[in-house]
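Heads up, there are several structures right after this.
Presented sequentially are two complexes of chain A, the first with chain B as partner and the second with chain C.
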Partner chain A sequence: MSTPAIELLGVDFSYPGSGAGVKGVDLAIAPGELLAVIGASGCGKTTLLKLIAGFLAADRGTIRIDGADMTAVPPRLRNLGVVFQSYALFPHMTAWENVAYGLKVRGVDGSVRRSRALATLDLVGLADFAGRRPGDLSGGQQQRVALARALVIEPRALLLDEPLSALDAARRLTMRDEIRRIQREHAIATVHITHDQEEALSMADRIALMIGGRIEQVGTPRELYDHPASRAVAAFVGHANLWDSRILAPDTVETPVGILRTLPHGCATGARVTVLVRPERVVPGPARDGVNGFAGRLLRDRFLGAMRRYDLAVAGAMITGETATSGPIEFVHIPPADIRILQDRP
Partner chain B sequence: MAWVTGLYLAYLFLPMGLLLVGSFGDAWFNTLLPTGLTGKWYTAVWDDRTFQRAFRVSLQVAVATCAITAAVGLPLAYAIYRTASRGVRAMARVVYLLPIAVPPLVLAFGFVLVFSSDELPYLGSIWVLIGGHVVLTLPYLLQTLVGDMRHLNLAELESAAESLGAGFARSFIDIVVPALRHSLASGLIMVAALSIGEFQLSNLVAGFLTRPYPVVLLQAFYGATGFACAATVILLVLALAAAVGGALTVRGAAAARSVAA
Partner chain C sequence: MQLRPGTLSLLIAPGALLLGFFFLLPLAAVGRDAFVGGAFARVFGNELFVRGLAGSALLTFTAAGFSLLVGFVVALHLSRLAPALRGALAFFIALPLTFSGLIVAYGFILCYGRAGFVTQILATTGVDAVAFSGVLYSPIGLAFASSYYLIPRVVMLMLPVLVNFDWAQVSAAESLGARRVRAVFDVIVPQIVPTAFAAFCLVAAVVFGAYGTALALVGTRVNILPLQLYSMISETGSDFAAAAALSLVLTAICSLIMATGEVIAARQERSHAGV
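Presenting the complex of A and B:
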């Protein structure tokens, strides 16, 4: 296996006084990989980025960049491209001067500097705005300048701190593709911090989910969605029916909505577990073989364009389902293959 | 709403308007408005040696005060802004805002006590006057600078510069100072205007030959009304000019620097 672009080994950091921070972080980002770090606000994801960038110094552990120990190296010598949440563009410089600044610091000659800055602005589609100051650019344009500024120094990796959170919804979608395209073209290892799980699912090669300063699970978007390591992961990634349940038999589990037939799950009888059913796996109408069918009363029905998300009250509990069909829903069934059993209890 | 605004504006500008009218009036005794039109009061102020000197002193003091507050204020504001501890920041804020809360009179008595002692017999020197003005005006500059540093999110701009390879000195010169130039300009406008209009402290610490304009102006009120009005209008113009001049200097310097870069 090749050397990871960024590697964290047993990294601890806590803010003096508050105790918040990150604990025991082990993480490796492969060359050219886009790793999204997601989690609720305050989970330590931005702290993690600051540790990699060098703005914070780890209390314990090692941070390697391209195999070299960078734990004690100041940010200016790490050669990482950072895009800040607020973009942090220099207000007194034009777009191209902002982009060229990293080259200026590196002593690149004036004319070379300018042409490279302009070429990078062209790459992000902003060649026509090179002479404007940040104050005269829209949020999306500022975002692109910030990206160009981080890219022009040919960094060893790209660190993006909530880069899309300040943009409106439509702009955010195009920038997702844009960032992905540029990241692919440069084959540059990227750490993308976001609280938007949909953004992470759609962009990332792998996702690291952080909860309370620890990395809860790292995996491909599919792995996180289909095989969450814990209830917390299942709850954070996508929508989910999560039921506190008890194992009745090797293929039966008792949930608040009723008794469910599952595939053989291998859990001990009597064990307390969490049952996960993704809403899109809940099927309106009865199953052909009559398994796992539930009649209920429709509590809420939300029209979301391509599909509707509904809540069905069943025996004092609730099943959330998603369907593209229209028409009334009084009965649903859950195919046994779509039931996941999570070992941890709430 | 409109009439409240109108009333307030009238209240604000009426005295100034009357001053202007009075300064061009030939005579003004027991009438609503002065009689006759003349420019003689301005010539009289212009020819008055005492006023000439006071005018010069005021300009010197204002320029020196601006220079010193800028030189002291920028690093100080930066240090306050970058202090990690919230407690220290709050305390620094209380300390630097103290001169606003304390009446200038109190400060002046302190100056009189200290600088009339045998060890420090400097009362009456223009430097004591400048020192007093620096103490009185620095809080306003600090307030402006610290507020704008927070508003600009200066710490993040510095982080960005750092990630691009700039060391502390480099990013201070390339990023911090230029990013704050407008802030510095508006702060210095306030400093210049305050310094030129300052009376309480100046009246007590100024020597006979270093009396600034407002102190000398007080004497004019015992003379002809027209003369007093003209002298006051000059002070008004002076304060405005200092403010505008201060702003232009800083902007010009910043523009020159960015062209050179």
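Presenting the complex of A and C:
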């Protein structure tokens, strides 16, 4: 395996006067990989980015960049491109001057500086706006300038701190693809901090989910979604039916909505577990083989454009499902292959 | 919201009346007196005028410079506090603005005068009370006392800029390779300096024309233009035409200082807005 572009080993940090921070973080980002870090507000995502960037000093642990120990190295010597949530553009400089600033600091000659800045602005589609100041640019354009400013110094890695959160929904979708395109073209390792799980699922090669300052699970988007390591991961990533349950047999589990047949799960009989069923795995209508079928009363039915999300009251509990079909829903069934058993309880 | 011309005139009227009766009319009256009998020539020809101008300039630069320095540091500290605490502290800091110059002077005499509270405490540690209190009645003491009501003005002007400043810009500059000092000079200074300059000009104009604190503290022993003007119209003076001319000179200098600050700040604002 090649040397990770960024590697964190046992990194701890807590803000003075509070318990908040990050604890025991072990993480490796491969060259060219886009790793999204997601989690609820205050879970330590931005703290993690600040530690990698060098804006905060770790209490314990090691941070390596391209294999070199950078734990005690100041931000200016880490050569990382950072895009801030607020973009942090310099308002008294034009777009190209913003982009060229990192080159100016490095002592690059004036004409070379300008041509490289303009070339990078061209890369993000803003060559025509080079002479404008940030106050004259839209949010999306400012975001591109910030990205260009981070890229022009040819950084070892990119750190993106919720760069899309200030954009409207339509612009955000465009910029996701744009960032991904540029990141792939440059094959640059990228840490993308976001609270938007859909953004993370659609952009990332891998996702790290943080809860309470710790990394709860790292995996591909598909792994996190289909095979969450814990109930907390399952609850955070996507929508989920999560039921406190008890194992009745090697292929049977008792849930609040009724007894479910599962694939052989390997859990001990009588064990307390959490059953996870994703809403899109709940199939409207009765099962042909009669397995895991439930009749219920439709409580809520939300139109979401391409599909609808509904809540069906079953035996005093609730099954949430998603479907593209229309018409009334009185019966649903859950295929055994779509039931996940999580061996932790809240 | 578009206002009808009639409504607009009604809203403007009180302010216009105040401006007319309490600024333009007195100014016209003073101007009428000033431009007769060679009053300006007598003012500019008086060797005390040049010394007074120099004294006023020294006092202005000292007091405004010191106030800007202290006010900036205070505002910087306040900007980093929680909004509720910041609001409470800003209220107390702004209190001196409600005091007259005379009260400020009296307060300083009670604290730092020959029999002042602080002077007496220091005297018990061997400090010469006469020498110490003498400083208060000097131009330095006057500058120090003036700062008491100038610093809040600086704080009130600088605070919004510092509160709204995006400190991530400094981090951005550092991540791009700049040392902290360079980041400060490249990123913070260009954005803060215009407001700091405007604040300096405002407090400079205030202290340049102020005479209440000066009169109460040093009488006419310190030669500054406002006290020269006072001498001309007090019971010892009788040249009202020269007093009118000097008051116009003072008004012009104060207006010029303030206008300079406003122009620089406005230019910078337009520049940041990309206009």
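Keep this in mind: the second predicted complex is superposed on the first by the 346 of 346 C-alpha atoms of A that agree within 3 Å, B and C clash if a C-alpha of one lies under 4 Å from a C-alpha of the other, contacts with A are read in each partner's own complex, and residues count from 1 in each chain.
The criterion applied here is as follows: a contact is a pair of C-beta atoms (placed from the backbone, for glycine too) under 8 Å apart; a residue touches a chain by one contact, two chains touch by 3 or more.
Quantities reported herein were computed from a predicted structural model and do not represent experimental measurements.
Colleague: After aligning the two structures on chain A, examine chain B and chain C and state clash or fit.
Modeller: Aligned on chain A, chain C clashes with chain B.
Colleague: Regarding the shared-chain residue A:Arg133, is it in contact with chain B (first), chain C (second), both, or neither?
Modeller: In the superposition, A:Arg133 touches chain C alone.
Colleague: So, A:Phe303: does it touch chain B (first), chain C (second), both, or neither?
Modeller: Neither partner.
Colleague: For A:Tyr15, decide between first (touching chain B), second (touching chain C), both and neither.
Modeller: Neither partner.
Colleague: Residues of chain A touched by chain B versus by chain C: which partner has the larger set?
Modeller: Of the two chains, more chain A residues are contacted by C.
Colleague: Can A:Arg149 be said to touch chain B (first), chain C (second), both, or neither?
Modeller: both
Colleague: Applying the document's definition of touch, where does A:Tyr101 land relative to chain B and chain C: first, second, both, or neither?
Modeller: Touch partners of A:Tyr101: chain B and chain C.
Colleague: Could you look at A:Ser86 and tell me whether it touches chain B, chain C, both or neither (first, second, both, neither)?
Modeller: Both partners, chain B and chain C.
Colleague: Touching chain B and also chain C: which chain A residues?
Modeller: In chain A, positions 53, 55, 74-82, 84, 86, 88-92, 101-102, 105-106, 149-150, 153 sit in both the chain B and chain C interfaces.
Colleague: Taking the complex as given, what residues does chain C use to touch chain A?
Modeller: Of all residues in chain C, those touching chain A are 166, 168-169, 171-179, 182, 186-187, 190-191, 271-274.
Colleague: Would you mind writing out the residues of chain A in touch with chain B in their complex?
Modeller: 53, 55, 74-82, 84, 86, 88-92, 101-102, 105-106, 149-150, 153
Colleague: Under the definition above, what is the set of chain A residues touching chain C in their complex?
Modeller: 53-55, 74-82, 84-86, 88-92, 101-102, 105-106, 132-136, 149-150, 153
Colleague: Inside the complex, what are the residues of chain B that reach chain A?
Modeller: 152-153, 156-157, 159-167, 170, 174-175, 178-179, 181, 254, 258
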